[in-house]
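Below: a set of structures, written as structure tokens.
Next come two complexes, and both contain chain A; in the first it sits with chain B, in the second with chain C.
== the complex of A and B ==
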């Protein structure tokens, strides 16, 4: 606990300095939430607000989402600073690859992280986490953490379980899950890589995806959402976390990541210079399935 | 399975190769299965998978996607891009429990009228053997076999609600 307090005070100090010295136009960070065990996002524009910043084990959300959807509101001639956990930093890498942001426009405050909680226990993604120390950041808050073998060694265990089901069982599993969907689009809003100004699901002429919570529309929405994130999703697990119907959405994304890695040896959010796999091709790509 | 089942197949083809190939099959008076509905697009690279899903939503039992052979694309690289996307999309379909054989891919050039005939015949046979896409048709009807199993939402009395808040 004392570690949290130390890290919070370091974060406050840095945010205050950055704002006072005019190095950044705003700092995006975490602040105490209205309930115990919850945090909220705080966008500080003046040094006084910086006093409200905290960092603790409840800071589960990925603040990189504010770098696309709200970025236009924050953009100025100065960079924007943002608190990012080591896993969240991959989002910035992916956004740079896709030319959504420039590295020099973002001041990354990397938070060394022991894992965060989602509800009562350690968040699912943290169980398989191998990144505790932030890379690629402009400043690091917190002490270096010794890298250790994670609790869950195979993050794809659940995906493999579903792969081993029969086609019929998989269909049953997913239709049952998708049937719960109420189409609130929280998954889309929380996703830092779902940044289209107009989402295909909102288009009405023609309407590609039935927008009521009908089984046909739900199937189409989840298939298209997963496909649009193929080779892009960095696995922050925000879609899972915000889904109050508890649909295991990140399984679809993980399946896509797994296939992309098997087919093209690509991992999203690792190399800012790499080209996303579905925007390029090789002559010798696999075409066994083509007649 | 219904003995007389005839599948409906939506064929998304590129205008430069496969569409012209299919045209050649027609002008050469080649006979092939009448189950495909040909939809012409500029390039396989243009094929958004929303189209495939839309085809299923409109009652297709299978989808055939066909374009130029590698290195033959009118736009140089459209089919290469498409190939990568097909490879990934097939895996996604498989993962949600759709038989990936319901979506077939081929390269048919403008000179391959006979290949088009063969592809259509083979694909039709394959989809016919898979049977009607009843799973998706049930989705369209909005009915699930397990809908009755779903439990009723828990009713919380006002008194309990007040206590929960306390």
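== the complex of A and C ==
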């Protein structure tokens, strides 16, 4: 039996059992999509629906987004189960650290993962991936995978290339990219850590960011979004994936992650005990950058 | 309606139009993204056989992503207000697909309804739509569900089809189209004899997802405003505007004032019914406070409300919403499944 089929049938079985035994109010997972290479979200509330669950190399979406976006799902006396790849589990960790969800409200179905595809090739995030086996899970689906050196050893390689550009080149690079933005906010909506009930871009009194898709508005929007995710982004790459204009948005977030790591040695979503640096103050905090 | 044979290829055709000083808009790459844009050299344009469709539709050339509608300035109590006006230059939009050309015949009704939208209508008057019939489709395409075909002429000023010898045949559909042909007459030869029915287009038509029953869909929607299924389907929706922004027929907009020091612009920007802010009242009340109500609005507007008002479906089956949805919430699948349910 191929890995996909085995993992899918284990997932179906577990989802069915959880729902039958009333252990969870819903199971959020993947189902067959309508296009080649695409999967759909399935939110199953009864055991019969569990038959539609699958897990394969196209399960690129980070389903943790539903933990904040469909917040009402969690307003039940029972936990919600969700299929999470090892990298996606970092989202739950980050959301717990930020007091958005409680660990006991989530039943983590950890999917061991060999890497997933986005369109034709291996997803960018998987090229540098070092986590194939789920941590902190309530149940693990799939066999243990041997951790090996990834294809891309430095996840920040592209960020460094951009850092090495001259200011002028960098400005041109981003101006050209942001020029394509039409402000559909798919980046924000697909981001599991963009959970504000009211986004700053939607505030009108005063208006902090111009909502028009012109150079000023677009630049302000993307830079402020990157700042708001500094030290919080867990690098799931959903912003890149959902941007139909192909703006490499995760580069901005990666840059911020790199800064936070260099300054505080902190990586979001890795250690549930760690305190996010931007919510904590220590006397010995690095402050060389405050001038 | 006259029919011509194009004696050259696509690039030479564009080259000749540019040579005559025409303002040519055609699909070209902006980085990795295929978008319509003004071209300066014919070679910039991507050949019609190389793409299924552009990422964004051509609607932005009538209804831009953002545009100024009023200019204002003030000094103390002295306020000056001027109307902004759309540009008047002629545009040739070349290389669009039949679904995108047909979209304008649908949105014409709303922009020409009680309020005549000067911005849309002026640009529409000044634009010629030069369509190239589809040479390939993908699994997201469903134009046959809404009365179109890979070689529909609806809305086009000229429709180009390839005959089995690989020559482009131009079907002129309007005065505007005839003027374009006349401006580069040396490239064309009038065809008098009956033109063959080209099997490629029928093949594509047959390969498409099986047609939806829009009458049945409307009947279901007429009865099921309160169906629990809205909640069921919309729970997957992330509430982004990808579907609406890429849709050639979605036409909702927001009006904002943007000011710098003592002057500013009132702008008209694309907006989408999937955003909570779209219906948020000044009082704080929001009649569509949850995603299920917003998703229902999208489906209702496409397959019921527009039909009630204009007797047209607000969809051309271009498939952009299907391709772009981050979670593959596929409107074709949703409406096909909904109508199977008897929850009236």
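Definition applied: the second predicted complex is superposed on the first by the 280 of 291 C-alpha atoms of A that agree within 3 Å, B and C clash if a C-alpha of one lies under 4 Å from a C-alpha of the other, contacts with A are read in each partner's own complex, and residues count from 1 in each chain.
In this text, contacts are C-beta pairs under 8 Å (C-beta built on N, C-alpha and C of every residue); 3 or more make two chains touch, one makes a residue touch a chain.
Please read these numbers as outputs of a predicted model, since none were measured by experiment.
S.K.: On the A-aligned overlay, A:272 touches which partner chain: chain B = first, chain C = second, or both, or neither?
M.R.: A:272: touches no partner chain.
S.K.: Please work out whether A:230 is in contact with chain B alone, chain C alone, both, or neither, and reply first, second, both or neither.
M.R.: It touches chain B, and chain C stays clear.
S.K.: Quick check for you: in the superposed arrangement, does A:290 touch first (chain B), second (chain C), both or neither?
M.R.: In the superposition, A:290 contacts chain B only.
S.K.: With both complexes superposed on chain A, which partner does A:163 reach: first (chain B), second (chain C), both or neither?
M.R.: first
S.K.: Just checking: does A:119 make contact with chain B only, chain C only, both, or neither of them? Give me first, second, both or neither.
M.R.: After superposing on A, A:119 lies clear of both chain B and chain C.
S.K.: Figure out whether A:176 sits in contact with chain B (first) or chain C (second), or with both, or with neither.
M.R.: both
S.K.: Thinking of the overlay built on chain A, is A:214 touched by chain B (first), by chain C (second), by both, or by neither?
M.R.: both
S.K.: Residue overlap on chain A between the chain B contact set and the chain C contact set?
M.R.: 176, 179, 210, 214
S.K.: Touching residues of chain A toward chain C in the complex: what are they?
M.R.: 33-36, 38-43, 61, 65, 69-70, 72-73, 176-177, 179-180, 182-186, 188-190, 202, 207, 210-214, 217, 238, 241-242, 244-246
S.K.: Show which residues of chain C lie in contact with chain A when the two form their complex.
M.R.: Spelled out, the residues of chain C in touch with chain A are 30-33, 35, 55-56, 65-66, 138-140, 235-236, 238-242, 244-246, 254, 256, 258, 267, 269-270, 272, 275-277, 290-291, 322-324, 326-330, 332-333.
S.K.: What does chain B use to touch chain A in their complex?
M.R.: 49-50, 53-54, 57, 70-71, 77, 80-81, 83-100, 104-107, 119, 122-123, 135, 139-140, 142, 144, 146-147
S.K.: Quick check on the complex: what are the chain A residues that touch chain B?
M.R.: It is residues 162-163, 167-176, 179, 200, 208-210, 214-216, 219-220, 222-224, 226-227, 230-231, 252, 255-256, 259-260, 263-264, 277-279, 281-283, 285-287, 289-291 of chain A that touch chain B.
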